[in-house]
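Quick one: structure below, then a few questions.
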Amino acid sequence: MTSEELTLTEVREEAKKKLLGVCGVYKICDGDSIRICQGQSYGRPLGFGGIGSGASFRNNILAMKKLNLKIKLVGDHFEADTKYDFFGRELSMPIMGASVSGVNSFGGEEVISEKEFCRSVVLGCKDAGTVGWRGDTYTYSLAESYGIDAIAEANGTGVKIVKPREQEVIIEFFKKAEVAGSIAVGVDIDGCGSYAMATHNKPVFKKNFDDIKELVSSTKLPVIVKGIMSVGDAVAAKDAGAAAIVVSNHGGRVLDHTPGTIEVLPDVVDELKGKIRIIVDGGFRTGYDILKALALGAESVLMGRDVVRAAVGAGKEGVKIQMEYLQKILAQAMKMTNCATLRDISSEILY
Amino acid sequence: MTSEELTLTEVREEAKKKLLGVCGVYKICDGDSIRICQGQSYGRPLGFGGIGSGASFRNNILAMKKLNLKIKLVGDHFEADTKYDFFGRELSMPIMGASVSGVNSFGGEEVISEKEFCRSVVLGCKDAGTVGWRGDTYTYSLAESYGIDAIAEANGTGVKIVKPREQEVIIEFFKKAEVAGSIAVGVDIDGCGSYAMATHNKPVFKKNFDDIKELVSSTKLPVIVKGIMSVGDAVAAKDAGAAAIVVSNHGGRVLDHTPGTIEVLPDVVDELKGKIRIIVDGGFRTGYDILKALALGAESVLMGRDVVRAAVGAGKEGVKIQMEYLQKILAQAMKMTNCATLRDISSEILY
Amino acid sequence: MTSEELTLTEVREEAKKKLLGVCGVYKICDGDSIRICQGQSYGRPLGFGGIGSGASFRNNILAMKKLNLKIKLVGDHFEADTKYDFFGRELSMPIMGASVSGVNSFGGEEVISEKEFCRSVVLGCKDAGTVGWRGDTYTYSLAESYGIDAIAEANGTGVKIVKPREQEVIIEFFKKAEVAGSIAVGVDIDGCGSYAMATHNKPVFKKNFDDIKELVSSTKLPVIVKGIMSVGDAVAAKDAGAAAIVVSNHGGRVLDHTPGTIEVLPDVVDELKGKIRIIVDGGFRTGYDILKALALGAESVLMGRDVVRAAVGAGKEGVKIQMEYLQKILAQAMKMTNCATLRDISSEILY
Amino acid sequence: MTSEELTLTEVREEAKKKLLGVCGVYKICDGDSIRICQGQSYGRPLGFGGIGSGASFRNNILAMKKLNLKIKLVGDHFEADTKYDFFGRELSMPIMGASVSGVNSFGGEEVISEKEFCRSVVLGCKDAGTVGWRGDTYTYSLAESYGIDAIAEANGTGVKIVKPREQEVIIEFFKKAEVAGSIAVGVDIDGCGSYAMATHNKPVFKKNFDDIKELVSSTKLPVIVKGIMSVGDAVAAKDAGAAAIVVSNHGGRVLDHTPGTIEVLPDVVDELKGKIRIIVDGGFRTGYDILKALALGAESVLMGRDVVRAAVGAGKEGVKIQMEYLQKILAQAMKMTNCATLRDISSEILY
């Protein structure tokens, strides 16, 4: 165990070298004003930062900081069980790799090919007993679909998220993902604001209720709507037949000055708990953060920036080590808050 | 589009070189304590900072930060329309260049002549489909009126703001502005505290209700009262016949420790919405910030410091690029908050 | 006027050189964690900082920052009148020099003799039309009473504050101050915690109601009780016959983690307004700060650290320039908040 | 007195040299983001920092900062009496050395042997008239029990805290402590999350109500339960027969994102005041901090990090000087808040 832990430090040290000038691989990744990644983009690549002033990125972190955990120790001894049911599959943990894509367009030199990056996330997550999600950007096409290829290589242990392109194109992507055996597919509806797509002749669109309904009908796979930051959009996604939503502000990269995702989560949970799978991302770094989201009613969490750093640092092995470290800390945090299984986690553990 | 965006970075890099020691042209311009511009002036030029401790400048920013935007995506696709009616003229955006003047007295060496600066703001804004406002300082006179000259060159696409000088002098300025074809004229009543004016034998005065009434009667042009930071002054301006007010603390440069302008705005809107045009400035940097002000009920926003930096960096071309960038981001932010036109913007989009 | 302003910058630059390693003479003096003066003393001289963690010093500033001023401009023109009645004398402003003493024991080399320091404060304040208070420390005695000597030289334009020594000693000091023609005398009751005094065989004591009463009876001069941080102590001082109180935490130098003085002031004002003169100090730097205290009901303010820096920088001339600058900014702030005289100042001007 | 104070500075300077790269021995020890000790551990030794992001460590400090003390001076003179009854022994102060152990595994080279460290804490505290607690880590065994040896050398002036090992092992440790004459024994139940123990084949366990009851019955000594951060655990400990509890988050080293201990303290006091001895640790640095805890109802406070630094700096002499300094400042703070004895301290002194 100790050697693995040391290895995560090594993975990150390696990533730090490769990401020089793009990401500092700081001990604390919070988009703070002294970080490389922070500040007005004025049309430059976002790097690992947030859009505009970076407030949405920081709000994710700041909202997380406001939540405290209640230590509860007197009780029978156990080692916490973090097993998670994801669309009928038993995962080792309620933590999955997020659908980040286009890592090389973050700025700086090429540090990992998109193909290798996708393989690292999907296979690394699989090796850790969980699932890597894969995304979409302007370099992707039906012909060159790095994410789906990686999912196929992992015998379907993956989720494919498509940008809100033309309906027909999305449906074609979904079909390819079905063939690859994906667990689920989805659309990140907040991608409609993507300049990267628009400026490379890959138009993206706002999607209305009927659009989502059509996408849900187009595939046998569960359809996930990602990019929910209001109860209205959450309810619309559910009513249109989505199997899951991801409360997400795209890591703070699509609109400046949104609240933190974990501020929006409780409202969505109040409205839809038990009616749809509620997943969340944005600003999660540690097993402690993940426990907070579960306490607020999310069923699982996607990890973005740290999975990218792990993949850049040591490919699929890096991702595996990263995910296992998260699981270990989550289990420890569950022990300290008296939660033997995911079912024992509730808002009672927040102080 | 990408080339334009890169150009804004270049414009700012150029400004940074010219403003060495006066303004850092930081990615984030917030008057923070580690900035060149911050701190006690003790009679020195203010540079780009605020007066005294700089609290009023910072409060503008801090108040803005407290407001969050609500992402709302499920809906019909559109590209946002930012067109704005300003006294009967259709502008491309509800964003105008502020009436900053005396840029060279900010400290440091001369970086742009006042004449060229005025031309840059007025012509650059016009080229971007909007309007540049022009101001007044001790170097201005009826004989040497740089702002009005620039407005004349732009065939009247401009607004002339005069310091609260003797009534007769203001009226003469208004007449010159009329001749130049200005859209509107106005007085920044907070200029009564200007040391620069007083110490150069250009006396300035507090203005009472009758003074404002007299100014309104003196011209066929709409009269704008700028420097409103209380409901009382707003109502007085309206009752005296002003066509518009600007909620403004002069960029935090006339009194230390005022609230942020966007904290005062809602009270003024509650009292006067629909009865007078309400414009605001102070701490606005991005299209996101502008959307917040519109959500709170302002009809448009003036941009000061960034327009100065753009003019210093690349003259009227710089100002045009700056304004177009703001419009683009405003349109994107409107898309992400489900506002197809300015009329769709309301406090509903704030979280 | 401009030349005077420049001179204050020069005065401070000079002080900065002399106080190297003791005080940075920063543009903002707030006891922040990156300042020389901040942090655990562990028995070392306090320098210009606060005791312990410096929280009391910082709380003075932080509490001040929370108060905002309301700009109010529409009205008849005036230049503000800052004249202040202090025990029957008309001062030019409600701002006096605080009773700081023992400047050379702040640490570092001797930068000004105690005698010269006392002369600088008293004569500099007098030249600015106001009053310098003088204090007491272990190097003072009835034989060597630098403060009273300076007050005598200024024909009594001064106030003498004595540490809470033995009753008889205080009374002897009072008598000497009477002879010197002092306007008033007083005791800083928070001096009972002074290590400097105790460790140099100058014992100091807590004072009870009867002690204060005895001191009041011992002299014809008005007696001031300084070091009030609770309503209870304020009422006791008034009931014992004190003519004035100073709400003060000794610049944050006698107890760590007190609230800011301006947080305590309103409670004291609520209880005693009109029944006793209420003066305040602690964290005041500018005319804006002073206006806030007056708005909360203090009748005047004492300036400590900046007067010391001014005296170190340029003796009595430095103090005069400092006080005049404060008066000028106070007058300007009064104009911007529509207060023609001190009587027009009320909590209405706070936002 | 002055020479002692200077010595504390010297002790700390010495510690600073020895702890290079591990602890900065800053004037303010607050786990702030610019400190050496801060940030994600990723399996590395924690050093002097907190676990994970360090939020629990910082929350201890931040919660303390929110509490202010009320100066109250008018009253009869006294020198404060800090004497404290601890299980029938009269201590010089309500401040004891915490049960920190394994100092050399904090990272860096060996700076003090564990044996010498234990002797320093126990004998140094005893010399200052108070008590040093001793802890447990994976290098400890029944054969090599450094803490108990030191307590024996001090004729029993100490408290032995054991990690939550197997019941039989704890009971054996308790028996050894009895033989050594310890004042009390205890278990830090939050040690059940210790990786250091688990990874060195020293298994640790959550303890239930019956486990605690069994431990209480196993010894004639008072049993202390340490690591209480919820009312539930506090009540369970009391009902199981514990003689005292320590409200503690283990210095922020066992779970990230807990509240500050001083936030939890009032709830525990409300429930159990007078029914069990309530002690607290976490983030205490000065006599002022200690006074706050006593005002909130704790009967005494344990000091961790500063005692370690003092021991590293100058062994038992260092610890003695550290403790005496704390006592002196506590007494001074009591004088300034009008508390002649510990019994006079109540929440009335908080502002």
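Every chain is named by a letter (A, B, C and D) in the order it is written, and numbering of its residues begins at 1.
The rule we apply is simple: a residue touches a chain if its C-beta (ideal position, glycine included) is under 8 Å from a C-beta of that chain, and two chains touch if they have at least 3 such contacts.
Remember, predicted model here, so these are calculated numbers, not experimental data.
> On C-alpha atoms only, rotate subunit A onto subunit D and read off the angle in steps of 5 degrees.
90
> Are the interface residues of subunit C and subunit D largely the same numbers on each copy, more than half shared, or largely different?
Different: when the shared numbers are divided by all numbers used, the fraction is under half.
> Once you find the CA centre of subunit A and the CA centre of subunit B, what distance in Å lies between them?
It comes to 40 Å between the two C-alpha centres.
> Taking each chain's centre as the mean of its CA atoms, how far is subunit A from subunit C in angstrom?
Here subunit A and subunit C have centroids separated by 57 Å.
> If you look at subunit A, which of its residues touch at least two other chains?
none
> Which label fits the chain touch graph of this model best, line, ring, star, complete or other?
Chain contacts: single closed ring, each chain with exactly two partners.
> According to the definition of touch, which chains form touching pairs?
Per the contact definition above, the touching pairs are A-B, A-D, B-C, C-D.
> Which of the residues in subunit A end up touching subunit B in this complex?
Those in contact with subunit B are residues 33, 38-40, 42-44, 52-53, 55, 59, 189-190, 192-193, 195, 199, 205-209, 212, 227, 229-230, 232-233, 236-237, 249, 254-259, 263-264.
> Show me the residue ranges of subunit C that touch subunit B in the complex, using the header's touch definition.
So the residues of subunit C touching subunit B come out as 1-2, 4-6, 8-9, 12, 26-28, 32, 65, 67-78, 285-286, 288-289, 292, 325, 329, 332-333, 335-337, 351.
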